[in-house]
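Sharing a structure, written as structure tokens. Questions coming.
Residue numbering begins at 1 within each chain, and the chains themselves are lettered A, B, C and D in the order written.
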Amino acid sequence: MNTNAALSADLLPETAKYPTLLERYRRVRSRTESLVAPLSPEDMVVQSMPDASPAKWHLAHTAWFFETFLLLPHVENYRPYDPEFAYLFNSYYEALGQRQPRAQRGMMTRPAVKSIIAYRHHVDERMVALLQSALPANIADLVELGIAHEEQHQELLLMDLLHLFSLSPVKPVYDRTWPDIKPGRRGRFIAINGGTVDIGTAAKDFAFDNEGPRHTVWLHAFEISDHLVTNAEWLEFIADGGYSRHELWLSDGWSLVQAEAWQAPLYWEQDSSSGEWRQMSLKGLQAIQPDAPVSHISYYEAAAFAAWAGARLPSEAEWEYAASAGILEQVDDAAWQWTQSAYGAYPGFRPAASAVGEYNGKFMVNQMVLRGGADITPAGHSRLTYRNFYRPGQRWMRAGLRLARDAR
Amino acid sequence: MNTNAALSADLLPETAKYPTLLERYRRVRSRTESLVAPLSPEDMVVQSMPDASPAKWHLAHTAWFFETFLLLPHVENYRPYDPEFAYLFNSYYEALGQRQPRAQRGMMTRPAVKSIIAYRHHVDERMVALLQSALPANIADLVELGIAHEEQHQELLLMDLLHLFSLSPVKPVYDRTWPDIKPGRRGRFIAINGGTVDIGTAAKDFAFDNEGPRHTVWLHAFEISDHLVTNAEWLEFIADGGYSRHELWLSDGWSLVQAEAWQAPLYWEQDSSSGEWRQMSLKGLQAIQPDAPVSHISYYEAAAFAAWAGARLPSEAEWEYAASAGILEQVDDAAWQWTQSAYGAYPGFRPAASAVGEYNGKFMVNQMVLRGGADITPAGHSRLTYRNFYRPGQRWMRAGLRLARDAR
Amino acid sequence: MNTNAALSADLLPETAKYPTLLERYRRVRSRTESLVAPLSPEDMVVQSMPDASPAKWHLAHTAWFFETFLLLPHVENYRPYDPEFAYLFNSYYEALGQRQPRAQRGMMTRPAVKSIIAYRHHVDERMVALLQSALPANIADLVELGIAHEEQHQELLLMDLLHLFSLSPVKPVYDRTWPDIKPGRRGRFIAINGGTVDIGTAAKDFAFDNEGPRHTVWLHAFEISDHLVTNAEWLEFIADGGYSRHELWLSDGWSLVQAEAWQAPLYWEQDSSSGEWRQMSLKGLQAIQPDAPVSHISYYEAAAFAAWAGARLPSEAEWEYAASAGILEQVDDAAWQWTQSAYGAYPGFRPAASAVGEYNGKFMVNQMVLRGGADITPAGHSRLTYRNFYRPGQRWMRAGLRLARDAR
Amino acid sequence: MNTNAALSADLLPETAKYPTLLERYRRVRSRTESLVAPLSPEDMVVQSMPDASPAKWHLAHTAWFFETFLLLPHVENYRPYDPEFAYLFNSYYEALGQRQPRAQRGMMTRPAVKSIIAYRHHVDERMVALLQSALPANIADLVELGIAHEEQHQELLLMDLLHLFSLSPVKPVYDRTWPDIKPGRRGRFIAINGGTVDIGTAAKDFAFDNEGPRHTVWLHAFEISDHLVTNAEWLEFIADGGYSRHELWLSDGWSLVQAEAWQAPLYWEQDSSSGEWRQMSLKGLQAIQPDAPVSHISYYEAAAFAAWAGARLPSEAEWEYAASAGILEQVDDAAWQWTQSAYGAYPGFRPAASAVGEYNGKFMVNQMVLRGGADITPAGHSRLTYRNFYRPGQRWMRAGLRLARDAR
């Protein structure tokens, strides 16, 4: 079965040019369920590491999000579907009370997948009724948030599943027909002049709170590559001793390289007889495609590669400015791109006062910004102002890199 | 559904007084499958801690045991059902090569439960054919071992399941009709004279290698209780500060009490408003039965209770001698009983030379012997010479205690 | 004995207005030794945590630095004082080969303190000879670097010592006459207009490589406090539940608050009967001074306090611009001030190619910038462009905070 | 300097055949101080691992023991030398209140060594006065205990020091003239008939509580080696793949071999060019002596060697019976000998009711018994009934092995 049908559904001709909120709600909810179609109940319950969540949990948590932030406050007399679910499926909202510890999400063999699907459909019924009524702007904004939230979890679901399957000794195939990341060519540096530029969202359309306010920054003249670094280039880095030359690495990265014996991106493994590299993917173990962008690398690896290449990572402002200028390729359909910017608040940023305010702001430390989007990111989810963020040692995201350098 | 039907099946009238090996094989294999009948696929795949295994793994490993030790060496031209299974379902036999790391058994969402059942039935078919032929004694002995092995895993399966369900926030019920542990009365000490006695198996019938050779030991006059310590007595221990008085505890036990904040047996929880104690069981959360034997206690707790009661635990030789004399009640149908004997080799013990030799001998350190049997032990599995063993801090077994003391 | 005499020595009238490099070398070397005068050999060998180093190690490592980067490359026929010292006293220079693991520095009971002093004097003799000759600029720069390096280790030595003494049950006094941090008043916000400003060193005088290049940044209008947050204000934060209100904290900070049960700054302890707070200091346990700036707080605590106060931390560019404008008090003589800036490379930054290049660049991740200087910072060591950096959870530095906020 | 002079002092001609308690007190106290004579204050303060203690701590703790159990209860109006010392120098007596956590003993740089020596002399003065009076038997017994206790700490002090020095990159020499362990020849098995024998102390002279009561055990006919296993035999074990053949090892041992990459006894290191083995000793790094008994091995290694040799370890009863028969050599002057007996209570054992009762009983789990004595054991300290005990993975004791086997 081709679960990617769900992906392309987003691209189908539409009756109207702009789908209504209701249509978009239905589409995102339905795609989540089509993503789990190839999975057995067993595949959907196991948690492979504390950073990852079971597929079943993603199914339930995204329903809980709509129930908690839309139905409960904004639908008269709405009663929780199951009062225990607030404990089971709250992710990290401290303001909403106690919750199942993150590292123990895999202990919830019950409720069963089919009960979770029933929960989703119950929420859908009420949400559809709500969406058929006239909505004030603040509620419509929350629906937008809920849709964007579910799209994020669609990507997480695929990331988490790939991680789980990579740990299985039988290396399961999620979908034999899943499309490969589109290959590209090697990048060429494009020069950009410095000066003041404005970045961040001006907030007419939906965006996450962390993308604004729009504000001025000063950029120094720089160069940025039009393509992502490829697997072939990464193989050169490996062949040149990239993983064993301390001088290329940040100190924390070098410690991790040694502690975890990294020798290649996550999911790569070398055949002990032929010496060939393969990588675990949603299609199972596959040969490395030389022209495809490298992925599943940490910030440390991205920075070491850049040092090896005599370059650096772009700042997020450089990236956004260049991307807005339309000069970059592989912007959001291949792999997220590490930047050298630590994740923090834009000038004037202020999180919402309610529980929703915990969405982004409280994570603004110890993380690096990634820009763009990946092949597994739902179509239309990302934006040029979008700020993704992960810890510098994490590797289970679809993260690659695009080089930059100071003007010569 | 009453999965305990499977238990009582062992007690049904038989066509012949002694069931044949074939009949016994069929019975044990069928009971394993009836034990998992109340479980969903999700319940069967999750590993709740490194000491526990998923139910699905128990299903597969017990089939692998027969395939590995009977079919492969003793059935001509037998080919492994799936060559990968040796890696997936070997538990700890170093002589049989690499295997899935114990703590990662829960990552195997595939093969699916139904594939495992198919594997079991494939093995059953070949085993039945083998058992219908005339078997030399050494092969019959291995079949006996395989049956006893599967019985052990039946008990482990229930232990592991209870542990998993205890970590679920919804406290699932395995079987609402599962019988409670039979209650008893408080024990009375019975005096026994000292002198030389013989203990251990004389090996005419099947027994594990660690139960022999039969050998002489010298016993000093002692007293032993005819009943197990009850929940009511344990509540007195708690009320008297048992978990906060260092002088009652072994040093390692006291460290664990503090590090893990033990205040009661595993699976007990106190209602914060009423103060009443309940315990998680195969029937779900249940009120504590005062006359039932206490269970799910560590060796440290057993020894602390004995110190509090002015008594001690029996040695395994004292236990076996008293049990053989027929003066004990609740011998093997309530809870395993901690002894003060560290698990070691009997004089003259020699493990088998092949991989089967890894069954018991290599665990003879850092463990304490438990004797008797529990309500969840398959009927007919245990013997008076049976030596069960666990680490002194483990609590997920059905472990209780019987007091002893020196002659007065 | 008043070891602070050494501090004030830096302030004594000088024969010439600008001391020569030789004079400055002698002064810094002599001050290091006077700092350890109150210490016993036992005080000087113990390592209290992996982040801290024994005083003896600081003594030796600062000599090794001069030997390695000055004497060995630039003095003809210079032979290492002891070939083993490269292993013992290299801190983190990967390019210089293997070294004693950081967490094991406390195992070096030998060589004895007096041997280390002899090593220092040997190095001094050769350095003095070198400094009496005409020095090319690149060598003079390295001497400047060595002096600045030793000043950094003087501060570290005091920090590490305070940490060690805080873990001693007898709460030793380092120096009864050590001066308290100077008290201040509560701060007032000063408004500053936005626009482009230049920050960073222009590099005429000595500065660390990470302080440059000087470069333009765009600042938005902001306000910054003229004083540091005081202990009295911190006590209000505690009294208002600051350490138990999740909504004030970054997510990583909140985890740490709970895991380590933080209830006050490091070194604070509350008298269980009177409820009064005291803090461990270089003078021993002391009453909290209400008007003194709070110190020994993590970035997480600083950010939580700022959120509680309806403010934020300044960026390092805001801090530097305001400090350069001369409108701030308590700039560098009270406590380092956390900024909201993650530590990274300035545009155009390029570390030196040799081993000295490992000084700063490889730490540019997972750290936050602190600006200013502390009472324990050697006089004259810091600059307005100085970038100190620590991990957001560390607390053994003299770190406090100065509030800022967006223009109203 | 030859600190071993102190050892031989015990062998000097005495004025009376049996030294008085006072003389013995003086001798043991003085020997402790002579043991630390070669050490610097820095050597005496560092704690190399949680199992080990600083030499200074041993000096103080042994004084505290006399002060606590003799002077405070039995000398009228005796006031504690320093009330803080009860916290600082209590080892593990829960009944005596809070104490410095074991793993933090190395943080006590103060009080200084010379203050500890002053404390010792203060205690000595009062103890001498006490010992010059007529003592009731129960007090004399406590003095015996205090002397035996100090002798134990003398051995621990040497063990801990060797461990500390082994972690120093400069491999310090404690005493260049320290005598080597006496070499022996390879052992020969001696056959011993089975039957009932009595073991344990009859308690006329001083013995620890765990050595009694004397009691009957049944022994099966066995054979025991007259000598300890030598380094030469151990090299054969290594050469034959002893550390890489899983079938020789207990399961817990095999895990440890792999986790810690054991390839030889603790303190052995192989020269990478010549391939020769050396070992760290109190004399510094030394060539391996082929005929000397192997030492610094864990129980796991001892058991694996025995399995490799087609033998086993003796039980402690077998060892004691054979030793009492006078047929063993290297009984107590070479290395402690692992037995296959887990450490537990003898029949009828009852610890003392007071704090002294915590001396032995609370450790009776998770440890294996060693018998005999070592070259570093104070002369006259051990007995044939002496029960030493350590965890099976520990290696910093002077532990070797003597083989046994079942009668053929």
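FYI, contacts are C-beta pairs under 8 Å (C-beta built on N, C-alpha and C of every residue); 3 or more make two chains touch, one makes a residue touch a chain.
All figures in this text were calculated on a predicted structure; none of them were measured in a lab.
Undergrad: In the chain contact graph, what is the shortest path length, in steps, from chain A to chain D?
TA: The fewest touching-chain steps linking chain A to chain D number 2.
Undergrad: Using mean Cα positions as chain centres, tell me which chain lies farthest from chain B.
TA: Relative to chain B, the chain with the farthest C-alpha centre is C.
Undergrad: Can you check how far apart chain A and chain C are, centre to centre, with Cα atoms defining each centre and the answer in Å?
TA: Inter-chain centre distance comes to 38 Å.
Undergrad: Using Cα averages as centroids, what's the distance between chain C and chain D in whole Å?
TA: That gives a centre separation of 46 Å.
Undergrad: Note the residues in chain D that touch 2 or more other chains, in rising order.
TA: none
Undergrad: Once the touch criterion is applied, which pairs of chains come out as touching?
TA: After working through each pair, the chains in contact turn out to be A-B, A-C, B-D, C-D.
Undergrad: Under the definition above, what is the set of chain C residues touching chain A in their complex?
TA: 92, 94-95, 196, 215-218, 220, 246-247, 249-254, 299-300, 303, 312, 340-342, 344-345, 347-348, 362-366, 368, 392, 406
Undergrad: Would you tell me which residues of chain A are touching chain B in their complex?
TA: 40-46, 48, 56, 84, 87-88, 100, 104, 106-113, 164, 167-170, 172
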